[in-house]
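Take a look at the structures below.
What follows is subunit A paired twice: with subunit B in the first complex and subunit C in the second.
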Partner chain A sequence: ENVDPQRTAFLLRKQWTLYSVSPLYGFSNAQLRDYARLLSAFIAAEKQKGLAVEVGVELDIKVAVSSLPDLKGSDQDQAAILVQLSSRSPASPKNSEEKLVWLGWFCCVAGDDLSQNVPEDFTCLPLFLANGAESYTSIVGSWFQKTFDCCFRRLAISPLNLSWMAAMWTGCKVEKTASAMELVFSVPCLPQPLDISYAIHPEDAKALWDTVQKTPGEITQEEVDVFMDCLYSHFHRHFKIHLSATKLVKVSTAIASAHCDGIVKFLQSQYLTGVLMLLTELAISQIQ
Partner chain B sequence: MDETVAEYIRRTVLKIPRDEIKTMLQKWGFLSETQLQTINFHQIKENISQDVVQLCEENSANIKQAAVLDIIYNHIYPNKRMWSVYQMNKRGEETEIFDLTDFKKKFKRRLRSALKNVTINFREYEDNAIWIRIAWGTPYTKPNQYKASYVVYHSQTPYIFISASMLRSNLPLLCQALVVASNYHDIREMELRSHSLNSLKDIVFKRYSQNFQTYCPRPLQERNVAPESADLRIIHENKSEKERIQRVNQEVFGDGPQPKLEFAQYKLETMFKSDPKIDVLDKKEPFRCLVKFSSPHLLESLKSLAPAGLADAPLSPLLTCIPQKARNYFKIREKKGLFPGSFVSP
Partner chain C sequence: HLATSLPLPSERDHLRPRIDLIAFMIDIKSKYSLKNVEASLAHVDASFFLGKVCFLVTGVGRVNYCSVEMNAIWKLGEVYCSPVLFCELELEGIRVATAQRLLRMLQICAGHVPGVSALSFSSLMRSSADE
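And now, the complex of A and B:
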């Protein structure tokens, strides 16, 4: 996992919306330039049709498609594919700065479960992450679906998976100045909705997890349950509220944050691949 | 008329919902009724504000006059701001008659002696509330009208409500001026903050219905219970438990509407204790947490938790004490000694 932190720094601290993508048919790494050209034409055509992406602003959208070979788990994985949309307002001169308006990337980290079971002509890139306007995501998604006969679906993250993330990420070693381990719970179905933020000092959270986890490098469901129960009972002791009966909607640690609507943020390049591995697994279970 | 005044009036009018603009201008009273008749209040706000500025130009408005419109706006829409509560203390028992003129004079004098560039406006309301608007400058710059502070003082009480939105460095000066002007000895900030100014007043003036401990030998049957099903084989599950929860909730929260707060924050520095069967963390140091509850109407929300099955009844006193203690920021530490399970909130 020798990910060059400089090459992936641009992925950090951005809000990514997650999708699962079924295997792409007829995709080739050698044709990325062509894909950029075709996608660019598609976007221009959509704009002509009046499906304006930005009201009142005439923007020239330029598309770049490239490969991110660093982002994969094993050699069996496909290299990640990055799609960048930049714009230049027609008013400014030809060689002026282009502004990045949308970013999306496909990846597969330790996706053997899926890639081992698909025929030759299919490419497995089950996880898609998008940052930028929903309207662009929609256009890019449509083009990929049409061109490679695949299917994009929003990836939701269940409270069960969020607690796994909480336990796993709490266990990671971080510097002294790490941010708190925060769990956010929502109770929407009351006459007045309630949100509860429960943030634990990262050292104390890690100390608790370390006494729960029996084998380093391995995590069991039972250990995750014990960890969460401890946090719930400490809360109950003070407030008499059963957090286990509410909905866990967000987990935030120094490593990464994840929201049940399928929105994540990566905060440390050191653990980027690890988090992607988990997300790839979630995407694959949604596809299968 | 100064350009900055014109711009300030324009921006203030733009904040007002279109249907309210005419009434607010009438309350302001700076433009005559005849002048107001010339404005078309059905056009877009941009144009209305331009017309207002034009008329103010005719009357040569100055910044102090413009500031009055701003106070009126904030008095009608106080919930757009975040308010903190302060309490003043008197040294002795002497109750002096409150003299408004004296208060204003002393306040202005104290502020101006430290800071030349301030805009100060007062406005009194029927409920004995004195509203003060202060725009702060520096020795070298004119006051920033867009970051004014607001103070609401009920002269019969020791409580002051402040919406600061300014450099923290000016706060001590403001507090000092208030203490001096009102003939008190000192002032301290309470751990109570909310957007709802009226709810803060309800809490500190004890205007909400409090829960009095009543002796009830049997459950009261005041509530209208839905008519029982004619079929005697159908019963409500856990009926007595549900009734107990309702009763306890009522004792703890009182019967009337709760004051409106949006959040409560608890800094926990208590020990982590777990089920002794589970072999987990047994540190000698506190398990440090920060818990924040948020809701459009927090106390009503908390009140509904036990009936919804999400919490025990009675709810923890850490939550139910909020109105009585008049605070929504807490630091909780373990109480040492006889009762290790109880908490102390300094």
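And now, the complex of A and C:
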């Protein structure tokens, strides 16, 4: 894992909305600057049409498209592509600081399942992460869809997958000052929506997982089930509520957090690639 | 007759008619419902598993609400030699079709269909599911 933590630090602690992206047709790593120009023109044209993002404020949107070669699983994977939208008010001087208004990146970590099965002219970057106003995500998304004949879909995460993440991330070694593991459940069939938040001391959670996991580096569905059942029984003993009858909607650990609506936060750069690998897998299964 | 779990209360045993078919309902959105069914299965007499039991899985329309792994359900069907049916309760068409299927199965299990026994019907269902 030779990911330079400095280069990816800007990806941490931000809220990312996830999308799955079908393979891009005719995409070339050599034309990133051209894409930035074309996207910039597209955004300006959309603004002219009256689809302005901020009413009353005339902002010049500058687009930068770059490659993040560190973020991939194997050499077969495409390097991640970063799109940055920054703004500068035309009133301020030419060399004043630009403010970053939106960030989006495409990536593929261990995506062999997909990339092995697509024809030559297609580029596999199945996972897209966006941070910033939804209106910008929509404009950038439409440009990519039009230009590369691909399809973006919001990536939802099922409770089953969230429990895998809870088990996997609990097993990761972090420094002593790790934050608590938190699970949030939504209770169905009630007139008023009710959320239950269950916080577990990270050391207790890790100790539990260590007794459940038989082979280090390998996780089975049974082990995840046993882990979650232990947490549910413990809760039931104290509160007489069956968490297994509710919907797990959010998992937060020291290394990352994930919400069933497809929203994640990365908290530790040493595990970034690992989490991306899992998310890439989810994106690929949504595409196929 | 509807029950949330087995065994049925013994006080009403003498008033209860003969049970011809047991349909265990599993909500794919609730792990608890699977656990409940697994616990209830232990209270069912072995003779019922000769074609008089089926599993009805609901909530399969929304993949992203899945809290139960499908493999666990298939395994249940295999272990108890009983068919697994799927039903999306929210869609009226599927609800009606499933109800009709269950009714047909019930007729066979109650012996009202000449020439077809519960056992032969269930082995027919299972071999077609395997293909």
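The working rule: the second predicted complex is superposed on the first by the 287 of 288 C-alpha atoms of A that agree within 3 Å, B and C clash if a C-alpha of one lies under 4 Å from a C-alpha of the other, contacts with A are read in each partner's own complex, and residues count from 1 in each chain.
Following the convention adopted for this analysis, a contact is a pair of C-beta atoms (placed from the backbone, for glycine too) under 8 Å apart; a residue touches a chain by one contact, two chains touch by 3 or more.
Treat the numbers as computed from the prediction; the structure is a model and nothing was measured.
In the overlay built on the shared chain, the residue A:D195 is in contact with subunit B alone; subunit C does not reach it.
When both complexes are overlaid on chain A, the residue A:I43 reaches neither subunit B nor subunit C. Ranking subunit B and subunit C by residues of subunit A touched puts B first. Of the two partner chains placed by the overlay, subunit B and subunit C both lie in contact with A:H242. Using the contact criterion defined above for the overlaid structures, shared-chain residue A:Q221 touches subunit C, although it does not reach subunit B.
Looking at the shared chain after the overlay, A:A156 reaches subunit C, while subunit B stays out of its contact range.
Of the two partner chains, subunit B is the only one that A:D204 touches; subunit C does not reach it. By the document's definition of touching, of the two partners only subunit C reaches A:C260; subunit B does not. Taken together, the two structures place residues 242, 245-246 of subunit A in contact with subunit B in one case and with subunit C in the other. Subunit C makes touch with subunit A in their complex at residues 29-33, 35, 63-69, 71. Looking at the complex, you find that subunit B touches subunit A at residues 266, 268, 270, 272-275, 278-283, 287-298, 300-302, 304-305, 308-312, 314-316, 318-319, 332, 341, 343. Across the interface of their complex, subunit B is touched by residues 180, 187, 189-201, 204, 207-208, 211-212, 226, 229-230, 233-235, 237-242, 245-246 of subunit A. Of all residues in subunit A, those touching subunit C in their complex are 156-160, 163, 188, 221, 225, 228, 232, 242, 244-248, 260.
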